[in-house]
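After this come two complexes, each holding chain A, first together with chain B and then together with chain C.
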Partner chain A sequence: MRRCLARPAAVIGLALLALLAVAIVFADLLAPYSPIMADPLHSLESPSSLHLLGTDVSGMDVLSRIIFATRINLLVGIVSVAGAFLVGVPIGLLTGFYRGFVSALVMRLFDFIQSFPVFVLGMALVSVLGQEIWNVALVLAVLFVPLFARLVRAEVLSLRERPFISAARCSGASDLAVMVRHLLPNALTPALVQLSISVGMAILLTAGLSFIGAGVRMPTPEWGLMVSSGAQQMILGVWWVSLFPGIAIVIAVLCFALLGDEMRRLLDPTRHRR
Partner chain B sequence: MRIVLARVSLIPPQLFGVLLVTFMLVRLLPGDPALLMLGNMATPDAIASLRQRLGLDQGLWTQFVRYLGRVLHGDLGTSIFTSHPVVQDLIERAPATLELISYAMIVTVTAGVGLAVLSVIARGRSFDYVTRVYGLAAGALPDFWVGLLLIFFLYHVAGWAPAPFGRLDTYLTAPRAITGFYTLDSLLTGNWADLGSAAARLVLPVATISIVNTGAMMKMTQTVFAGVYDSAFIRHARASGLPQRRIIVIALKNSLPPIITTAGFLFGFLLGAAVLVETIFSWGGLGQYAVQAVINSDYPALQGFVMVAAVFVLLVYLVVDVLYELVDPRIRI
Partner chain C sequence: MAGEDRSTTLEVDHLGIAFGAGAAEHAVLRDVTFRLGRNEILGIVGETGAGKSVLAQALVGLLPGDGRVVQGEIRVNGRPLAAMNERDRRQLRGGAISLIGTSAKTLLDPVETVGRQIARVLRAHRPCGRRAAWRQTVQLLGDVGIIDSEQRARAYPHELSGGMAQRVVIAMALIARPDIILADDATLGLDATVQVQVLDLLVARSRERGVSVILITHDLGIVAHYCDRVAIMRAGRIEELQAVQGFLAQPGTAYSESLLGAARARPVPADHLSTATQRLGDAGEAVAPRGETLLVVENLQKLFAAGAAQPPLRAVDGVSFSLARGETLALVGESGSGKTTIGQCLLRLLTATAGGMRFDGIDIAALTERQFRPLRQRMQMVFQEPYVALNPRWRVCDLISEPLRLLEPVSRRDRQARVNELLDLVQLPRRLAEAYPHQLTAGEQKRIGIARALATRPDFVVFDEPTTALDIRVRAQIIDLIRSLQVRTGLSALFITHDLNSVRSLAHNVIVLNRGQIVERGETETIFARPQHAYTRLLLTAELPIEWSASRRSGTPVPVLTAERGASARR
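Up next, the complex of A and B:
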C-alpha cells in the first residue's frame, strides 16, 4: 500500500477511478437536472449558478448529462473489453497449444480483421448491425478479441517448451489440466495489462463512433454524442457544450491508461524502470 | 530484392481475404441487404427486383464470385446517396484525404522522433518529465475534441486560423489537378493564392491529428532509442571521442527498423482518424464520404470505403516491409 502511494501515477489513476465510480453510483443524487429533459426556453445558456456547466441546444443540463453518461460510456467500455477477454484468452490458449490447421485458419482470420483500421471497421460494422449501444459494445468486443488471443498465444508458444510443462505432462496431466492449471496462469500477465488499457481505447472508440452518428442517438446521454451536439456551435464561440464532455472522456481514458501502466509494474517484477 | 518479390506475392491472398470481409460485411449480417439498401419504406416488389438484380436469390458462394468479378473490373456498385459509381466518388475524394494524412504523418513522425531523442538525451531533467506526461495524456485525447478546441481557440478567439470549412478559401478555384494535392498542384502551376490558402487550411486538421498521435510515436521511439543509446557500441563511440551529434545520428540509424514499423502502422491508423477530423473540418475526403455513407445507410459506398482502407493498409505494410529490408541488412537472406 505504501509502495503504491509513493507512485503519483497510481494515486491519480485510483482517484480518477473513484471519481468515475461515484458518478456512476450516485448519478441520481449528484445530477441537478434530468439528463434527457429538454427545455427549449433555456437553450445554449452559458455556465451559471443555475446550470453549472451550461445547457445544450435543446436546453438540457450539460453537467447532468455528463454524470449520467458515465454509466453508458464505462459500461460499454468495460463490457466490450471483458467480452473480448473472455473469448480471446481461451482462443489464444487453444491456438497456442494445438497448432493445427484450425489454429492457422483462426490466426489468418485475425490477420484480416486487424488489417482494417479499427475505427473504419468498427464504423462499418455498427452501421450495418444497427446503430444501437449494444451493437457498439458487440462490435468493439469482436475487434478486441484478436488482441487478447494474440497476447496469450505468444506467451503459450514460448511457455509450452519449458521444462515445467514437460514435467506436468510426464506426471500424467491431461491436455486440459496442462492448459488451465499450468499454462493459463503463466500466460495471462500481458493480457491482464492490456485489459485496462483496452477499456480506455474502447471508451475513445465508442465516443468517436457516437460523434459521427454511428453509436447511440439523442437524447441518450453519451459523451461523444454530447461533444458532437456542440460541434456546430463551437465555431460560433459556444464552448461549454463540447468542452466539458470531452474533459470527461479524457478523465476516463487517462484513468484506465494510468491503472494499466501501474498494473504492468505490479505484475512484472522483473522489469523495473529506471 | 527477393524479399520484395516474396512479399509482393503475399498480396493476392491478402486481397482475397479483404474482399471476403467486405463482402460478408454487407451480406452475412442480419437483415436483408435489399431491405437495408432500400429502407423501411420499400415495397415488396421493389425488394424482390433489387434482390434479383443483386443476385441475392442465388447461393452465397455464387454471389461472392460475382462480387469478386465485379470488383476486379473496377465496379464497386453505385452510391445510393450521390448516385455516382462508388469508384468515381472514391477517386475524386482520395487526394484530399491522402494530402491530409501525408502531412499529418510527416509532422507526427518528425515531432515524435525529435521529442523522443531530446528526452533521452535530457534524461532525468524536467524536459524528459514533460514529454512523459505528454505521452501519457496524448493517448487519452479524443481527436474530434482536440479539433474542436483548436477551432475555438485559434479561429474563434484568436482569429489566426482560416475558417474550418474545406480545403480552400471559398472565393478561390482549385488548382489544375496534377497530383490532386492542392499544395503541390498550386506550387507546380505557380498559383500562389491557392498555395497560401491550401496550406493555411491544412494547419488545424494536421495539428489535430499530430497532437493526438505524436505521443504514441514518441513513446515507441523513446523505448527503442534509449535501448540503443545505452548500448555498448554507442558507449564505445563516445569513448572514442565522436561528437555528440554524430553519436545521435548513429544511434538513430540503429533504431530505425522499429520506428519504421510504428510509422507504417500509424499511417494506416490515420485513415481511421481522418474520418473524424475530416467531419469536423468539412474536408470533403474519403473520411467524410464514409460518414455520409454511415448516416444515410449507403452500403455500397461504405463497402467501397472499407475496401479502399484495407487495401491502403496492405500497401503501406508492403512499403514498410521493403523499407525494413533496406535499413536492416540482417534480415536479408
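Up next, the complex of A and C:
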C-alpha cells in the first residue's frame, strides 16, 4: 500500500481508468436521460438538480451524453491503436531486420503519411470513406501504424548489433527465431509504452476530427462533437455545453498518459532485483 | 609516515561514508585512514564493490546521491574538507586535487575543442589571460606526448584515439598544477601498449612536478610497477597499507595473499598430445600440427568498406593457421589487429571476403547459413562482454538450454538435467537457473556464457577476451576453469585476447597479429622467452606482471630489455 502511494501518478491513472470503466459498463444505469433524445422545450438550460450538467441546444442532457460518449471515444481510441500496434510492430521488426529495398520503400511510405498534417489527412480520408465511426477508427489506425513501426524498427536497429544476437546465432537460431524470441521481446518496450499514450492521443484526435466536422455526426454522443456544438454559445455565457465534455477528454487523455509512464517503469527488465 | 620526511598533502582520518537514511542506511566506507606524502604514488587496490570509487568521490567532495561522511574527516594540505564552502570546494577540484576517470572520451565535452577545455580549467583556478592559457595548454599537450600539439589542441574529442584522449585528460588534470591527482581506473579498456605509455607519462610528469598520485585500480601489475605504497581495500575498509616492495614479498593478510596468488601467471598448460608427436621447426616457422588437425584457415581475408573514395579497411589480410585437436591457440594483438574478426568469420557471424576455412575436413566457407547451422553444434563461441551477450529478458536456464533446444533434439527432462550438469561444470550453484542476467555478477555472467558455449559439447570453442574487465580473483577463477576444461574435455580452442598474462596460463601456441597480418607465431614459452619480431617485443614490454616488480619501472618511459623480460617471464 505504501509502495502504491509512493507513486501518485499510478494511483491517479488507475483511479481515472476505473472511472472511465464504470462509465462504460454502467452507462445505462448512470445516465439519467437518453443521450440522443432531443427536448427542444428545455434547450440550453444551465446545470440544475434536474439536469446536473445542463442541456445543449437541442435540449439533450449533457451528463447523459458525456457518459454514453465514453463508450464511443474509448472504443475508437483502443480499437484504432490496437490495430495500428498489430500492424506496425511486425512491419517495424521486419524493416529493421531486413534492410533492403522494400524496407526503404516502406519507410518512405511512412514519411509520406507522416508528412501530412494529421487533420488534413483525417479530413480527406473521412470525407472519401464516409463520416462513420469505424472510418474514423480506420483513419487513426493508418496514422498510428508508422509510429509503432518506427519505434520498433529503431530498437531493432540497435539491438541487432548487440552481441546476444550473435550469441543466439551461434546457438543455431534462425532468422525467425532471432526476430521472434530475441529481438521482439526486447524491442517492444517503447511500443508498449506508446500504446497507452497513443490511446490518449487517439481520443484527442477523434474529438478533434469531430470538432472540425470531419468525424462522427449528430446526434451520436461524442466528446469532440459536444464541445463543438457548444462552441457557438460560449460567448453568450453558455459554458456548460462545451466545458464538461472538454473535462472528460482531459480525464481520458491524462489517464492513458499516466498509465503509459507507469508501464515504462514496469517493463524495465532490470526492475526486479535478487 | 615513520622514517619519511616528506610533507603530507592529504590526510584521511577514520573516514566513514554511508548511503541511505534511517533503516536503509548502509555504510560503504568504514574507518578508512591513510596519509599521502608529497610526490608519493599510492596505489589503492580492491575488487568491485570495495568502495574505491566512493573514496575517490569523497576526496573531491562529490559523493553521489545521499552519500555522506558519517565519521572522521579528510584534510587537504591541512584544511578539513568538511569546513569548506561550495566555493572553496570548487577551487579544490581541479585546483588542489584533480580526478582522472575511466574512459577519457566520455569525460570530454564533445562540442568543444580539447584545447579550450583544458584552458578553461586553468583559467578557473589561476589568474591567467586567454592567450597565456592557450600557450600553456599547447605546451602541456606537448609534454604529455601529443605530437603536433598546436594543431591537436584544436581537435574535437571524437577526432582523437582512446590513448590520445586519455593524454588530454591527463593534461587537463595537470594544467592547474594540483597537489594531488586521483586516477580512478584511468587506463581501463586501453590497449596494454597504450596503457603503459599513459601510465609512464602520468607518473613521469607527476614526479617532475612534485604531484602526489593516487592510482585506483584492480590491476596489481600497475601497482607493482608504478606505486610506492599500496592500500588493499575490501568491503569499505583498508585491510592493509604498506610499501609495494614489502607487500609483494610478504603480504600482510590472507586476502592480499589470495589477490597476489590470483594475479600470478599459471604454468603453460600441459599438452596431452605433445609428447606423442614430433615437433618441427623453430619459433619463427609455422607450428607443426600435433595430433589430428581439426581446423585449417588458409589466406583468410576480410575487408570492410570504409566509405566512398577510400580504400577498404583490411581487417584481416591473408591469415593462415591450423589447429590440432586438443590444442589451444592464442590470437594476440592490440585492438584493431583483426583477432576478433577472425573468430567471427570462423563462426560465420561475418562473411569472409576471401580465403578458405576447413573444419574437420568440411569447407565451411562454401556453406550457406542453413547448411552451416548443424555445424554450430560443434563450433561455439564465448563472447567478450558477459552481460551484453546474454538476452536480458531470459532466465539463466533458458539461456543455457537455447543451443540444446535449437541444435540437438533433447527431451525437456534431459535438457533440465543438462542445464544442471553445465552449471556444475562452470561451478555455479544450481539455484541460479531461475535468475536473470542482471542479477548476476560479471564473473557469474561470464560463466553462463561459457556454459552456453559448452552446452552442445562442441569440439571447438572460440574464447573472445574471456578474462578482460574482470576482478583479479574472478579472472583467475575463469582461467582456472578454462584450464580444467582443457584437461577434462580435451577442448580445442581459439583464444582471442590482449591479456598476455592469461595467454601464458592458457595457450599452447601463440599467433601475434598486427593490422590483420600475422607477424609471429610459435609455442607460448618460446614467444615469451625469445620474441623475434619487434612488434611482439613491443607487446611484451607493455606487460606488467607482478612477478618481476624487482626490476621496477623508473617512471621514465624506457623500454626494459627483452632478455630481462623473457627471463623473468619464466620464473
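What we mean here is this: the second predicted complex is superposed on the first by the 264 of 274 C-alpha atoms of A that agree within 3 Å, B and C clash if a C-alpha of one lies under 4 Å from a C-alpha of the other, contacts with A are read in each partner's own complex, and residues count from 1 in each chain.
The rule is short, and it goes like this: a residue touches a chain if its C-beta (ideal position, glycine included) is under 8 Å from a C-beta of that chain, and two chains touch if they have at least 3 such contacts.
Quick caveat: nothing in here was measured; it's all calculated off a predicted structure.
By the document's definition of touching, of the two partners only chain C reaches A:Ser166; chain B does not. By the touch criterion defined above, A:Asn186 reaches chain C but does not reach chain B.
Of the two partner chains, chain B is the only one touched by A:Ile113; chain C is not. When the shared chain is aligned, chain B comes close enough to touch A:Leu121, but chain C does not. Comparing chain C and chain B on the residues of chain A they touch gives the larger count to B.
Judged by the touch definition given at the top, the superposed model places A:Ala207 against chain B, while chain C stays out of reach. Chain A meets chain B in the complex at residues 9, 108, 111-113, 115-121, 123-125, 127-129, 200, 204, 207-208, 211-214, 224, 227-228, 230-231, 234-237, 239, 242-243, 246, 249-250, 253-254, 257-258, 261.
Within the complex formed with chain A, the residues of chain C that make contact are 344, 347-349, 373, 376-377, 380-381, 383-385, 388-393, 402-403, 406-407, 435-436, 438-439, 449, 452-453, 455. Per the touch definition, chain A reaches chain C in the complex via residues 162-164, 166-174, 177, 182, 185-186, 269-270, 272-274. Taken in their complex, chain B has these residues touching chain A: 14, 17-18, 20-21, 25-26, 29-30, 36, 136-137, 139-145, 148-149, 151-152, 155-157, 163-164, 268-269, 271-273, 275-276, 279-280, 290-291, 293-295, 297, 299, 302-303, 305-306, 309-310, 313-314, 317.
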